[in-house]
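The two complexes that follow have subunit A in common; it is paired with subunit B in the first and with subunit C in the second.
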Partner chain A sequence: MIDTQPTPGPATTPQGQGEPPGRGRRSKATLSRSNERFALALLLPALIFVAALIAYPLFVAIQLSLTPGSFSALRETTGGVSLEHFVAVFSDRATLDELGRTAVYVVGTIVPAFAAGLMIALLLRHRFAGRRWLRSLVLLPWAVPSVAASAIFLWMLDGSLGIVNKVLSALGLIDGPVAWYSSPDTAMAAVIVPTVWKQFPFFAMILLAALQTVPNDLYESAKVDGASRWRQFTTVTWPGIRGAAYAALVIGTLGVYREFDFIYPLTRGGPNDVTSTLAISIYREAFQFSNMGFASALGIVSTLLAAVFVIFGGRIMARNNL
Partner chain B sequence: MSASLALASCLTGGGSGSEGDGSNEGGEQVTLDFPNFQANEAPFSQWWDEFIAAYEDANPNVTVSVSSAPNSAALAETLTTRFAADDPPSVVQQTTANFAKFADAGYFRPIDDLLAETNVPDSWGPLQETYTWNGETQGVMTLASGLILYYNKDLLDQAGVEVPTTAEELVAAAEAVYDPENGIYGFVGVSAPQDTKLYNEPSAFVVGQGGQWYDGDAPNFTDAAVLDALEIYRRVMATAPPGIQHTQRNTIFQSGQGAFMIENANFAGAIRSEAPEDIQPSLQAAPVPFDIQPGLASVFLAIPSGIEGAELEAAEEFVTMAVSPEWQARYAEIIGAPAPDPNSVAELVADDPQIEMFAELGSEAISVYPTSPAVLQNLPELNKLMFDAMVEVSSTDRPVEEIMADLQQAAEALL
Partner chain C sequence: MIGTKRTAKAITVGRFVASLVIAAMVIFPLYWMLLTALEPAAAMLSPVIELLPTEGASFDAFVSAFLDMPTLLWLRNSALITIGATILSVFVSILAGYSLSRAHGAGHQAMGLTLLLARMIPGTLLVIPLYALFLNVGLVNNLWSLILIKTTIIVPFTTWMLKAFFDGIPRELEDSAYVDGASRLRALRSIVLPLSGPGIVAAVTYSAVLAWGDFLYARTLLTADAKWPVTLGIVSFFGDNGTQWNSVMAVALVAIVPMLLLFLFTERYLISGLTAGAVKG
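Entry: the complex of A and B
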């Protein structure tokens, strides 16, 4: 069995020991207030920066979403408050479809990306020739700009000139060329593949860092106890990396949830909207169709969904003491 | 994403226009802000470079700040953001599909008075009327032509077929050339989702064979002429490389792997500047093999309503000079195709029969764009629906009637 020793916490002293009770508390309270003010002063520039870059745009987006009627210029947004754009968002069947496609895209990306990242992290944990070289290589997709990666995959999956079709054809897996991005049956998979390619190094990096904090002694003990490799994974490895894995899943999921850079250059949300996720729809409504109010409302709903996910993920982590 | 809408308003404040407060008369320095999606696109870039240099020479107090956009769609989206943030450029360049959207929002300034001093109202022909909104001219075309059938003579000769003169001949010739095993395609047409050329190519077939997408304010997608034309389109597209975007289409044709493609006359200039020299002689042009010559005014310039003072004067001078006979003639010379001014090729036609043909086809072209304001206002949304339908027509076996019936229903709901 594997036992863990409780880690001794920092030494504590009884509050106010050796000082007159009232005076000590007052001087400590004064010091605490002074420290708080100092800390606040240090944080102020960052808070102003955050307010300017996040809070104000969010405020304007909310304002746009509550402005009645059709408008395309921000200067037209004075006066009137209405929920009509939110009503339109919730009563539009397309919203539900986009939510479903977003879920497919996120799950379809995160599951294989996480699995690939975990396997690579487990591989890279071991010492072998070329490990350093491989570590750098694995990170490469993460460093490639998404739009550049899109261009690469566009040609790789091209129906007539793409290497993927040629390889699959040579292996006898397809009869004729497949137009991956034009067929409603394959377009979603064809945008998921490059997203997985881009995303898995993120998981590999986080999980590898977490794996390196798992003491080797635990594996030695597990081996002595006769634990199989799978048993070692479930009782030593996973508990050791679970916190990092959950955090990476939350961050990674949010990243894929708002992903735009792959889908738009590759399919622009088509064909027949099969790759039109929430992010694509918001963009199209705002910048192609000039429906700023509707797009803002959809954006607010999308942001709230992300917030719910973050809170939900945070609670799971808190419940598991992660 | 929602925050990005608002960020646009925060990050795009100011940036262009006059650096003083009023008129241009005293030699006040002015920066003319001009986003351009042809700035790096040969051979148009050469014309723009020469024109802007000449404009700055003629207006020493004006500096033209050109920001390059990768394509018209990207520029349209940038312009949407800038107009929304009340930060318009000094001169707008855009494609026809977005004209009504911007004009209806009041973003453009009427330029009838400005154009009255030029030969545009009298000489430029009916396609210029594309840019009339609420009875006022709000744009001037910079790219207009008939749609042309480009063909690869070597591939036709190898297959033993002639340049087609009817739709059926086009189908037969494309099928005769088609040899995908060896990377040779009959017709090189786009079928990638939401590619903007998904409007022009099917429109050439539909309008060329007597159909119209819209009948006044109503969609006309299930009309018999439209359906018949799309059946031909489907048969031709069966010989096309699957799922390609228009940049891939151009590459395939210019590399000698496609027998036919349909584009405007300006593509001749792209062939000259981009196709390998040994292939260029075999890439030739002919009228589309239909009874009616389709055409379009596809790019225009406009002056935003939100600018004034010295910046406005500079913008007006910019547009006036661009449409002048001198620069229209230079355009034809560089591009190898007629400029919007039909007189632009007067001195070239004697030496270049291809340009003469382009000019004739342009003069008789019927526009593939609708004219109904109600349709034009919703054209981006309608085009999105239509593009999806065209991909389905060209890439699936589903009956054309069913696809177009669905499109008709969706378009009627939108309008």
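Entry: the complex of A and C
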């Protein structure tokens, strides 16, 4: 309820000057009703966008997932309701493979990106010469379009002319050139690398801001107690940033879970589907294999999985009083 | 004493080395991109690793990106999508963020939470019905489809970001404006907004980076190459045998520069703004 604006009438009399409390409360109620309307009006444009372009499409996606048959556009659908696409999603062995690959991609990205982000945040917390420009520099990949980042790594990891192969063969670490993106053994690692490069500044930014809220006197008293640096980290730093760290991990994980802009341009889910995560499979089913019903069912299942993860993550955060 | 001095020195050195390593990790890919764009195509065939520009270096690849390829058209499409989505989403989220910051009714906050939950749906699922819907209303291959969709994706985040920012502005300032007879919209415009510069700058940067970098929605909804944003232009080079890497790097670099400039000018506002939205939201 908004209680900021005095309206003409009784409410404008200064409060606490011998006015009966009941009367003040009543006028406040009328006041807040008009303010509630104002607040709702301000929220309305945002709600219209979300209703029209997220909620309604989600409803259409549910409809598509329940529409029998194979179709690539709305007008091709025939009537009827069927669970055949969901049955197909759950009975298809590929779904389990995609889930496994998604887990590898998410963990393989989030763990190094979070570790790098935390290290950088801890480093940038201290004052030292050049800290300002190092901070700008380190956060820079955040602003680089994913597709442009993909282009750089596609070139650096190019099978015949890429710098990575040149350096590794010069060092004698590989016998012949490695086709990073077209070999099933290396393709997943090769899509993870650019994702980490783009993702770690997000963790660095959030952890850096969280570190700024940890009071300095806590470190001083820890030092007086003779705490080692590691102990200072576990008793002062980590408790101070844990809440932000968990929130960032949940948001970051959700982002990588649905990632499309790295994998699809780089490998289109190949070779031999080894980089076909859930997000990629949904897209390929819809737009490559023209199977919108199955794709929608797979998308809904993966959304529900994300929801379970968020609820689970929220539970952990609540249990730890975060 | 000597021991602690030595530790302190070791830590300084360690910090310096760590900074260099991190800086190299970030900068090398971008540097390599620039170097490749400057070199003639023949130089790439050499097995020798050249870390500095060779004698043959030139801006030819950049010139050819604009003369021989539709890079300018791609940039124009990207700019229109980005400007449209940024203006719309910042405007909509200023209103919504202010509303969520000042009104605390349960239903109201529930709606705010719905905004947030909307972010959980994967883009690859959402794009299926959106494609079907935009096809039906004839907005496929229209830049407006991208502007509207990107706005919808951006608004939930920037709303919570600006809400956290508005929370930090004391209400007493608005109260005194009301006493002077200002309307509620006027108080927002003339009291709150002038104090919200850093928050709005952060929201603008976030929106622009997200709109400019889009690939998924553009790839699905803008199939005619005359409507492509620069991200689709870049990807159109991928997978060719005998890719002209200097051209690809030149176009990709041109696509990065506007966001880098924006980022460098607004970076100091981003940390507080982005994190407020991400963590508190």
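Going forward, the second predicted complex is superposed on the first by the 277 of 322 C-alpha atoms of A that agree within 3 Å, B and C clash if a C-alpha of one lies under 4 Å from a C-alpha of the other, contacts with A are read in each partner's own complex, and residues count from 1 in each chain.
Convention: contacts are C-beta pairs under 8 Å (C-beta built on N, C-alpha and C of every residue); 3 or more make two chains touch, one makes a residue touch a chain.
Since the structure is predicted, the reported quantities are computational estimates derived from the model, not experimental observations.
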*Is this a clash or a fit when subunit B and subunit C both end up on subunit A?*
clash
*Pick one for A:303: touches subunit B only (first), subunit C only (second), both, or neither.*
both
*Give one of first, second, both or neither to describe whether A:120 is in contact with subunit B, with subunit C, with both, or with none.*
second
*Using the touch definition from the top, say if A:86 reaches subunit B (first), subunit C (second), both or neither.*
neither
_Just to be sure I read the superposition right, which of the two partners does A:288 touch: subunit B = first, subunit C = second, or both, or neither?_
first
*Counting touched residues of subunit A, say whether subunit B or subunit C comes out ahead.*
C
*Considering only touches as defined above, state whether A:270 meets subunit B (first), subunit C (second), both or neither.*
first
_According to the stated criteria, A:187 is in contact with first (subunit B), second (subunit C), both, or neither; which is it?_
first
*Using the touch definition from the top, say if A:105 reaches subunit B (first), subunit C (second), both or neither.*
neither
*Please indicate which partner A:177 is in contact with in the superposed arrangement: first for subunit B, second for subunit C, both, or neither.*
first
*asked:* A:166 in the overlay: touching subunit B, subunit C, both, or neither? Say first, second, both or neither.
replied: second
*Name the residues of subunit A shared by its contacts with subunit B and its contacts with subunit C.*
52-54, 56-58, 60-61, 64, 73-75, 154, 158, 161, 258, 260, 278-279, 282-283, 286-287, 292, 295-296, 299-300, 302-303
*Quick one: which bits of subunit A touch subunit B in the complex? Just the residue numbers, please.*
52-54, 56-61, 64-65, 72-75, 154, 158-161, 176-183, 187, 258, 260, 267-273, 275, 278-279, 282-284, 286-290, 292, 295-296, 298-300, 302-303
*asked:* Under the stated contact criterion, what part of subunit B meets subunit A in this complex?
replied: 1-7, 9-10, 76-77, 80-81, 83-86, 101, 105, 180, 183, 185, 191-194, 241-245, 248, 252, 380-381, 384, 387-388, 391-392, 395-396
*Under the touch definition given earlier, write down the residues of subunit C that touch subunit A in their complex.*
12, 15-16, 18-19, 22-23, 25-27, 29-30, 32-33, 36, 44-45, 47, 49, 91-93, 95-96, 98-100, 102-105, 108, 111-112, 114-115, 118-133, 135-136, 148-149, 151-152, 155-156, 159, 171, 174-175, 178-179, 184, 205, 209, 212-216, 219-220, 231, 234-235, 237-238, 245, 248-249, 252-253, 255-256, 259-260, 262-264, 267, 270-272, 274-276, 278-279
*In their complex, what parts of subunit A are in touch with subunit C?*
1-2, 4-6, 35-36, 38-40, 42-43, 45-47, 49-50, 52-58, 60-61, 64, 73-75, 116, 119-120, 123, 126, 128, 130, 134-156, 158, 161, 163, 166-167, 170, 197, 205-206, 208-210, 243-244, 247-248, 251, 254, 257-258, 260-261, 264-266, 278-280, 282-283, 286-287, 292, 295-296, 299-300, 302-303, 306-307, 310
